[in-house]
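As structure tokens, here come the structures.
Two complexes, one shared chain (chain A), two partners (chain B, chain C).
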Partner chain A sequence: MSASSIRILLVAGLVALLEILCRTGVIPNFTVIPPSAMAQSLWNILASGKFTPDIVATLTNVAIAIAAAMLAGVALGTALQGWPAARRVLDPLFATYYAVPMYAFYPLLIVIFGLGDLPQVAIGFLLAVMAVIINTLNGLDRVPPVLLKAARVHRLGPLAAALRVRLPCAAPYVFTGFKLAVAYSFIGVIGAEFITSSRGIGYEISFAYNNFDNGVMYAMILFILLLVITVNMSLHAWEKRLLARRRRA
Partner chain B sequence: MRWRDPLLLLFLLFLLWEFLYLIVGDVALRSPAATARNLGAMLGDERFLPHVRETLLAFGQGFLIAVVVGLAIGVPLGAARFAGEVAEPILVALYSIPKVTLYPVILLIFGIGMPAKVAFGAIHGIVPISIFAMNAVRNINPTHLRTARVLRLSPMSLSLKILVPAALPEIVTGIRVGFSLALIGTLLGEMFGSQHGLGHLLMQAMSLHNIERILALTLLLVVFAAAVNALLLALDRSLHRRAA
Partner chain C sequence: MSHVSLRAVTRVYPARSGQAEVHALDPIDLELARGEFFAVVGPSGCGKSTLLDVMAGLSAPSSGEVVFENQLVKGVPPGIGVVFQEDASFPWLTVHDNIAFGLRQAGTAEGEVAAQVRYAIEFMGLKEFARAYPAQLSGGMRQRVCIARTLVLKPRLILLDEPFGALDQQTRLLMGDELLRLWRETGATILLITHALDEATMLADRVGVMSARPGRFLDVIPTGWPRERDSTIVSSESFGRLTSRIWTRLRGESIRALGRA
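Then we have the complex of A and B:
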């Protein structure tokens, strides 16, 4: 049997086990509700459209954070690769960046940006951008010198060389940065929605928790988990296809 | 030369902070000097220290659980190649989900207080530590293992002479990543479901719009996280250099 079919059986088995434990009352319903009830409740919520504005708000914020992190990250990474002195100075910052609890800055961002969507986007951006910078640098370091020489022979300017030779060549690494940026943006935006906000999926989950509304709460938790896992798996599959095509070429 | 770059970086960060302060002003920020003074006053306040102790206690336990459980999951999965292949995508999926979503579940299971914080810190740390440990064990050079068999090393000296030195550098990298994430997890836990600890103070300062406090706490947390990370990073790099 292949690894992936065993994996599916394993996950299905765990879900079934949770279902049985909940149905037989080993796990009380005010702690966890059965997975089938979560799915049922999620279906009802999605069909009623009650939370559509929240879902749209969260996804919009995540998308803005990803786009900003990609633009800024690739630009900064490319600029730093051409400026080794600055890169050497900033290196300890890169190594320490993810050790810093980013949510500690959230109160500060609220004070600076106000109570709208901007602080959430900013947290998602801040978490995501460093992964893009690091992976862009990583990819640009591996561009074969012969391609750089070819660019010089064709008298490409620094911008044209970056856009037409160096970045396309570094694309697999930039894609890794993109995948991380997607994961981090979700983590940042949804985490920030939990702390304070007036809408969004994270807000609805904590609202439901405070009202002991397990049906809504578990439905929305399930929604986020399914959404993030689906997005990550599709990106992974897409990456595999791109890499396969590159190897053939 | 080597010590000048970090100093320059600190100076640049200081300039950035001052510059932001000049733009934003007292509504949203305090100057670096004022924040350092506030932090000093806060650390001298004896009502503050129990909160630090509470956070350190919660984080210490969560981190310890994360290391033990993470290694207990990762090492066997690295040794059994097929099991690792089955488990890896599941671990990666767990790594990328926003674990803060699971917070209400943790609270419902453990109730408000210390166990919930510890559990939340631990679930943040377990996944990266097990992923790194799995890869560390999986990537042990098979030639080394065959050499050990030829030399008829006992299981004891096999672990001491081959397995530990080969896998340790990557495991330490995992522990370093797990350390940061467990700290974030613990603080998040304190922000939502606790009456004590630095996360709780941060949340309280936020609702009171107490900017001095927010900044002093943020500075304390950032300095603590950066300092421990620098130590672990130095250990990490020297182990990797020795292995190379």
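Then we have the complex of A and C:
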């Protein structure tokens, strides 16, 4: 049996087990509801359109965080790679970046950005941007020197060389940064919605939790799971297609 | 008047941690006439590639000056094409887009790009591979892509750093013929760096024999071939005489270079 069919069976088995445990009362329904009930509740919620504004708000904020992290991360990474002195100063700080619990800055972000969507976007951005910077640097470090020479022979200036040779060459690494940026943006935005926000998927889960509304809570958790899995699988497939042409046949 | 001149050019790589400074080139003087085919042979590590970098404006000489078309070379001037020893094809572009790279950079109209690239692809025997990516090609074919990418820009000075190193002997001879044909058609000045003595003898108007490091020209040997020539001259009597003359000049230097390595 192939690894992927074993994986599907494993996940299906775990879901079935949870269903049985919930249905037989081993796990009480005020703790976890059966997966079939989650799916049913999610279907009803999506059909009613009740949470559509929240879903749109979350997805919009995630998309903004990803786009901002990609733009800033690729630009900063490219600039730093061409400026080794600055990089030597900043490298140790980069290494400890993810040791900082970003959510600790939430009060500060509210003071700076107010109570709208911006604090959530900022957390998503802050979590995502460093992964893009690090992977961009990593990719640019591996561009073969002869390609840089080829760029100079074609009389490309620094900006044109970055856009037309260095970054395309580093693209597989930048793509890894992109995948991480997507994951971190979801974590940042939805996590932040839990703390202080008046809309979004995270807010609705937290609201349902406080009101003992397991139907809504588990439906929205299931929704996030399905969403993130779908997004990641699509990115993975896209990456594979991009890489295929660069590998030896 | 000469097309390219090197006047007392030296290149010293400064000392780095644990390593003394390296004199790659001793004062070198060289004059290439417009449309001349000049080959450089020398023991490995003698500074041949450094010479090419300095001529192309990719690195500045430590002293002396390089003059190309009456202009002092500072940075890569327009009109110079370089084919490197290593694979310099762009792995994210198809063969077609690789060859079109420089033309598009120069803002050539897309119809004109298509026509020129199609011609270069046929000239280089890459017709079935126009849509392939470099990763799907052999090393020799990738080198042909790089040669085509350089040639479509119609450079007036072409610098080639062991471009056929990755090819087998028969293909090398045929590529040599192609290079000669192209040289005649375009009227470009060519500097070819090679470690293959027969290749230098067969292709060039003059062969410069370089010393072990720090590199300088021990001898410059004119071959006296007519402009209309091809690889059949390898079987001529004077070909053998020339090659052995070059080898005699080079042998001692190669032994010196080996002994030091």
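In this text, the second predicted complex is superposed on the first by the 247 of 249 C-alpha atoms of A that agree within 3 Å, B and C clash if a C-alpha of one lies under 4 Å from a C-alpha of the other, contacts with A are read in each partner's own complex, and residues count from 1 in each chain.
FYI, contacts are C-beta pairs under 8 Å (C-beta built on N, C-alpha and C of every residue); 3 or more make two chains touch, one makes a residue touch a chain.
What you are looking at is a predicted structure, and each value in this text was computed from that prediction instead of being measured.
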Overlay on chain A: chain C relative to chain B, clash or fit: fit
Contacts of A:163 with chain B and chain C, given as first, second, both or neither: neither
Superposed model, chain A: greater residue contact from chain B or chain C: B
Partner chain(s) touched by A:246 [first = chain B, second = chain C, both, neither]: second
First (chain B), second (chain C), both or neither touched by A:6: first
Chain B versus chain C as contact partner of A:186, first or second or both or neither: first
Partner chain in contact with A:147 - chain B first, chain C second, else both or neither: second
Contacts of A:232 with chain B and chain C, given as first, second, both or neither: first
Inter-chain angle, chain B to chain C through the CA centre of chain A, in degrees rounded to a multiple of 10: 100
Minimum C-alpha separation between chain B and chain C after superposing on chain A, in Å: 15
Doubly contacted chain A residues - partners chain C and chain B: none
In the complex with chain A, residue positions of chain B that touch it: 5-6, 8-9, 12-13, 24, 27-29, 82, 85-87, 89-90, 92-93, 95-105, 107-109, 176-177, 179-180, 183-184, 187-188, 191-192, 202-203, 205-206, 209, 211, 214-215, 217-218, 221-222, 225-226, 228-230, 233
For the chain C and chain A complex, residues of the former touching the latter: 56, 58, 75-76, 78, 80-82, 84, 86-88, 90-93, 101-102, 105, 133, 135-136, 146
Chain A residues within the chain C interface of the complex: 144, 146-147, 149-150, 152-156, 160, 164-165, 168-169, 171, 245-249
Chain A - residues contacting chain B, complex: 3, 6-7, 10-11, 30-32, 88-93, 95-96, 98-108, 110-112, 183, 186-187, 190-191, 194-196, 202, 205-206, 208-209, 217, 221, 224-225, 228-229, 232-233
